[in-house]
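One structure, pasted below without further comment.
Note that the chains are named A, B, C, D, E and F in the order they appear, and that numbering of residues resets to 1 at the start of each chain.
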Amino acid sequence: MRPSRRTPDELRHIRLTRHYTKYAEGSVLVEFGDTRVICNASIEDRVPRFLKGAGQGWITAEYGMLPRSTNSRVGREATQGRQGGRTMEIQRLIGRSLRAVVDLVALGEITLTIDCDVIQADGGTRTAAITGSYVALVDAVNKLVKKRIIARNPIHGQVASVSVGIYEGVPVLDLDYQEDSAAETDMNVVMNEAGAFIEIQGTAEGHAFRMNELQSMLDLAKTGITTLLEKQIEALSRN
Amino acid sequence: MRPSRRTPDELRHIRLTRHYTKYAEGSVLVEFGDTRVICNASIEDRVPRFLKGAGQGWITAEYGMLPRSTNSRVGREATQGRQGGRTMEIQRLIGRSLRAVVDLVALGEITLTIDCDVIQADGGTRTAAITGSYVALVDAVNKLVKKRIIARNPIHGQVASVSVGIYEGVPVLDLDYQEDSAAETDMNVVMNEAGAFIEIQGTAEGHAFRMNELQSMLDLAKTGITTLLEKQIEALSRN
Amino acid sequence: MRPSRRTPDELRHIRLTRHYTKYAEGSVLVEFGDTRVICNASIEDRVPRFLKGAGQGWITAEYGMLPRSTNSRVGREATQGRQGGRTMEIQRLIGRSLRAVVDLVALGEITLTIDCDVIQADGGTRTAAITGSYVALVDAVNKLVKKRIIARNPIHGQVASVSVGIYEGVPVLDLDYQEDSAAETDMNVVMNEAGAFIEIQGTAEGHAFRMNELQSMLDLAKTGITTLLEKQIEALSRN
Amino acid sequence: MRPSRRTPDELRHIRLTRHYTKYAEGSVLVEFGDTRVICNASIEDRVPRFLKGAGQGWITAEYGMLPRSTNSRVGREATQGRQGGRTMEIQRLIGRSLRAVVDLVALGEITLTIDCDVIQADGGTRTAAITGSYVALVDAVNKLVKKRIIARNPIHGQVASVSVGIYEGVPVLDLDYQEDSAAETDMNVVMNEAGAFIEIQGTAEGHAFRMNELQSMLDLAKTGITTLLEKQIEALSRN
Amino acid sequence: MRPSRRTPDELRHIRLTRHYTKYAEGSVLVEFGDTRVICNASIEDRVPRFLKGAGQGWITAEYGMLPRSTNSRVGREATQGRQGGRTMEIQRLIGRSLRAVVDLVALGEITLTIDCDVIQADGGTRTAAITGSYVALVDAVNKLVKKRIIARNPIHGQVASVSVGIYEGVPVLDLDYQEDSAAETDMNVVMNEAGAFIEIQGTAEGHAFRMNELQSMLDLAKTGITTLLEKQIEALSRN
Amino acid sequence: MRPSRRTPDELRHIRLTRHYTKYAEGSVLVEFGDTRVICNASIEDRVPRFLKGAGQGWITAEYGMLPRSTNSRVGREATQGRQGGRTMEIQRLIGRSLRAVVDLVALGEITLTIDCDVIQADGGTRTAAITGSYVALVDAVNKLVKKRIIARNPIHGQVASVSVGIYEGVPVLDLDYQEDSAAETDMNVVMNEAGAFIEIQGTAEGHAFRMNELQSMLDLAKTGITTLLEKQIEALSRN
């Protein structure tokens, strides 16, 4: 029995709220149960130094947690003077996942920065962030297309993400914090609308996992991501 | 005429939402119109080094803005590796304002940290932060009292804050961003429930201001703060 | 009775020594009693990035204390790897105060940096720094005018600053460290030659202050600043 | 055809040289073809703060590249004042992989730090580092056992790692830099001696990969790791 | 002919002003011509971590330059977030030089920090700093002895320093900035009262120097240091 | 008797291995007994900011130690966020020594960076680094000449370095760690092929040293450097 009384293949309540703040070109509040992340997409008319003159754009992400988004307060990274390893790992993952579905040459010399800020963390913040960021990205890119700053839509795929794991010997979908901290294996899966993998990151916390366990977890992930992709389309179809 | 069509002595729509996140001992979303700040109060069972053995507690604040809380994206301080001067100035102000209404000896060897994170910035973020932080502080302290960790409530006053300024020659209350960026004078006032000043910070942006202008601005501030103090009591009286 | 045996409206001994060091375009040692601050104005033929192409100049200040300018040694900020919040607050205040009396467009694409370094700190270092910096600024600007680098003098006002406070219930002028650390209220006032306010920063340390106390303090500040403005003119008229 | 003329399931020439430097408790030079990494294990008689009093030890890793270990010089992280995101990601992975085969309670209040420094980078530095670090770890732990500092050997498994990927449509094992930079998919696999997964990290660089491609890559990884585990045993059996 | 019209073996005008600031336990303004350095010695009742429990004290130095102590403004190290290599080199040299004449065990568990802050830099700031720091050190230690905090005076020697160099082919003593920047060789010599070397640091700027040139420079240094040692005694004999 | 049983004027076993890594334009492993340093020379087609438009090139060095190159692990500078004073001192010394034998104008607008990374430290790492760096520099410059990027070879001299000291009252050459840590005086000497000094840095650790001791040490250094210069030529003459 899962602490949340969900079935093993049951997602938490998913909510994608667009236009969450008024300034960002794309602004989405994504909720996976009690996990809440604001994803703001910003358009900037420049490219990073390493792409100067390369005739393409860039998509990058930054991730942060409010100090009290968690059960006990964690130090503010701005005060500590640097981002921790976990933060860097997550923001690099979000950036790669989004770039996988965008034609950067078609984007042109534009940088899209997605800021993912965690208001409340109850497990799965990085998967929620990827899922929400995609929606924010679409909104921002649509503005570029509408204003004719870019000729055609450079987004050629759809991307969402979910965590899976093995909790008390059973493969489960979309772990909350209570499950996550007790899980034997924890895996984050990023997939596209064709059911292919963009990223897989699995870690054995307790015991090493075998091929059949991996298979079960990936099947669960596919189920979950299929629903998340629908939720994204549904959100984007509203106003 | 103010851009928002408000009268000179009219506050924006004020909202104080308690229990905004689930982990913090006190958690308030404060809204002054489109300005939205999350104020989370955390209790920690320790005191900063400079108070070791001094037999008293401490109240401190940290302030941050989401990178896209503003019209154009500002760099994330965690990425830049340090907090800017404005951030430090504001968090020092919030901390001083709250300490002014708390008996730190009665608090005992406890540190209360108030994290003020700006979700959307439309002027007056520091005054909103002070006003919301007071409510979060009360909630956190009440938990300490209820759990009998401290014998008596160390909060001996009430504090709120508002900005005033001179916009197109007229003293106005609670400036939004559009007014603020065009104001000739900008002043932040922090007062207690007795109508006395805890902090005054006034800056002439355009021309230096005279004693009579100062007087008008302080009168407006008093009017505004009186309302804010009521809003705080109202919020605290709700469940 | 004040510890220094001064009357409530009595400034400390004020000294402004120009040409204090030989390299800076303006170099002033300012002394408010035992408080000694070197104010060096440097001319640089560039503007900060945010003003590139804006057709105007900039005036900025940096502030520092020698580690042993105070009673007990404070860590060197260069060693600690960052400026503290108090330092940033003060240098921002000095910069704003000076910019209030200069026409930055008339200054042209030049940056004037005023370095205020505290040799000995006995209270009121920021007000001494503002008062001395004005004189250093005038000296530096006069060199620009004399060399015909700028066509006309862009300084259109005069600025000085003093602290006031309430010490043992009595409003007093120009607090030294002993008074400052025991004061109930501490206020820094920056005024121009017309008696108008450029900046007011008042903080209740002990009890919140009322309107009549504010009025008394501002009156004292005006008296003190009138004298300081005369001292500046006197210093500038020498040699 | 692979650029190195290897067959798809062929590892590069693997070398594990123990006792590479004279001070470290375990010191291994690991070579995967032209990729060369020094893995030094250091024993320290302390635990990190978060484990104080927890009655267990810790294993951590640090990773660095010599500035000219790569084709064009990369800036020295010590000069830049911080480790980059890729560095942090890798050193966290190495640490997790090693901790998966050690009983930290049996280790006792000891910290083992494995420094992995890349002398020459030709692809697969992180997998070489994990493979070499295991051998260095065993040597260091054996010293602890021999000196009777710990009662029994806390290492309960064996761990090695290899990269796999899809290069020109074909799944291949142990990519060198030329393949790696052109690969469509890049995956790092960490396994134990039972053929179970400790960590999987796969990234689609070109197109998203499907379940059957994942399966082929994991099969290749298993083949490669089987050989690497043998090489480790062989190296450890030499004096 | 030297730019300053001094003879090759002539020091600049030397001044040692004790009790320069009022807080430091030893405070000396040292002047070598236009080079002016404040040397403040602070007593702290602790030892650095690496000496905990070692039953001895420590003497350390920190060095800084006011941003406009030089001809063109140099960035403030506190703003840049770190001390430069030259600064570190100099403060390490000052510390070593002073420790060479003090019995650290007799000093007891006390740290003496000497802050050397350059007000005006006209060449030879490090040699002036060493020469002045010795006097500040003696004053501070005498306070410890007078207060019976330490039983006997731990200073067992005297130390001073001067620069020598080869300017236009001629060995010269105590180079000012104009000579220094044009010198072919630049050497800093630290000696004790017995005429023995504590430190020699010589650098060929133009052409490499030969043994006989070294000999001439060291002879000049000895002459200069003899005078400096006398100046120190003279200063210390004044009230 | 020296711990290593060497005679006072005997160098350790010296080895210079060229082409040590495959990417750097010059790559040398230098060994002075158990001290091992990799010296990699990198060519970059740019000059530092302070030389922009000056029509000359630049040679700079960076120095680092692997954390476990020493007897007990020292913290990684990249993790600590800054290079220590000793590191900066050494890399500045290496850079100056190499620049002393190169005509920077003839080099043209090119920067040569020499990375000296210590694999194993048994005393004399800086002198080994200078000696090895010279060989790496020659290899890199020869590539520039061969590719006709520069018209003529800008290296006009040869440079090597050794340490000398007084150990148990006897002047000795090329101290290893055991001698170094017990030496009364420690001196690093850098000389060119004409037997002239490029740099001398001598420090009295125990007692101050006299002129005759200095003379003996410099004689020893000359003997040692003569051999080192031959070893360099020998290494460069091989393939």
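Methods note: contacts are C-beta pairs under 8 Å (C-beta built on N, C-alpha and C of every residue); 3 or more make two chains touch, one makes a residue touch a chain.
If you want to know which protein each chain is, UniProt gives these names: A, B, C, D, E, F = Ribonuclease PH.
Remember, it's a predicted structure, so these values are computed and weren't measured experimentally.
Asks: If you take the chains that touch chain D (Ribonuclease PH) and keep only those that also touch chain E (Ribonuclease PH), what is left?
Replies: F
Asks: For C-E, which listed pair, E-F, A-D or A-B, repeats its interface with over half of the contact pairs the same?
Replies: Answer for C-E: the repeating interface is A-B.
Asks: Counting shared numbers against all numbers at the contact of chain A (Ribonuclease PH) and chain B (Ribonuclease PH), is it over half, same, or under half, different?
Replies: same
Asks: Average the CA atoms of each chain to get its centre, and name the chain whose centre is farthest from that of chain B (Ribonuclease PH).
Replies: Centre of mass proxy via C-alpha means gives F as farthest from chain B (Ribonuclease PH).
Asks: Hey, how far is the Cα centre of chain B (Ribonuclease PH) from the one of chain F (Ribonuclease PH), in Å?
Replies: A distance of 58 Å separates the two centres.
Asks: Taking the mean of the C-alpha atoms as each chain's centre, how many Å separate chain D (Ribonuclease PH) from chain F (Ribonuclease PH)?
Replies: Distance between chain centres: 33 Å.
Asks: Can you compute the centre-to-centre distance for chain C (Ribonuclease PH) and chain F (Ribonuclease PH), using the mean CA position of each chain? Integer Å is fine.
Replies: 50
Asks: Between chain B (Ribonuclease PH) and chain C (Ribonuclease PH), what is the separation of their C-alpha centroids in Å?
Replies: 28
Asks: Which residues belonging to chain F (Ribonuclease PH) are in contact with no fewer than two other chains?
Replies: 81-82
Asks: Between the chains shown, work out who touches whom and classify the graph as line, ring, star, complete or other.
Replies: Topology of touching chains reads as a ring, each chain with two neighbours.
Asks: Quick one: ring order starting at chain C (Ribonuclease PH), direction chain E (Ribonuclease PH)?
Replies: Moving from chain C (Ribonuclease PH) on to chain E (Ribonuclease PH) and continuing, the chains are C, E, F, D, A, B.
Asks: Under the touch definition given earlier, write down the residues of chain D (Ribonuclease PH) that touch chain F (Ribonuclease PH) in their complex.
Replies: Listed in rising order, the residues are 21-24, 27, 34, 38, 40, 42, 44, 62, 64, 66-73, 76-79, 81-83, 87, 113, 115, 117, 119-120.
Asks: State the interface residues of chain B (Ribonuclease PH) toward chain C (Ribonuclease PH) in the complex, per the touch definition above.
Replies: Contact set of chain B (Ribonuclease PH) toward chain C (Ribonuclease PH): 82, 84-86, 88-89, 91-92, 96, 100, 157, 187, 191-192, 194-204, 207-211, 214, 218.
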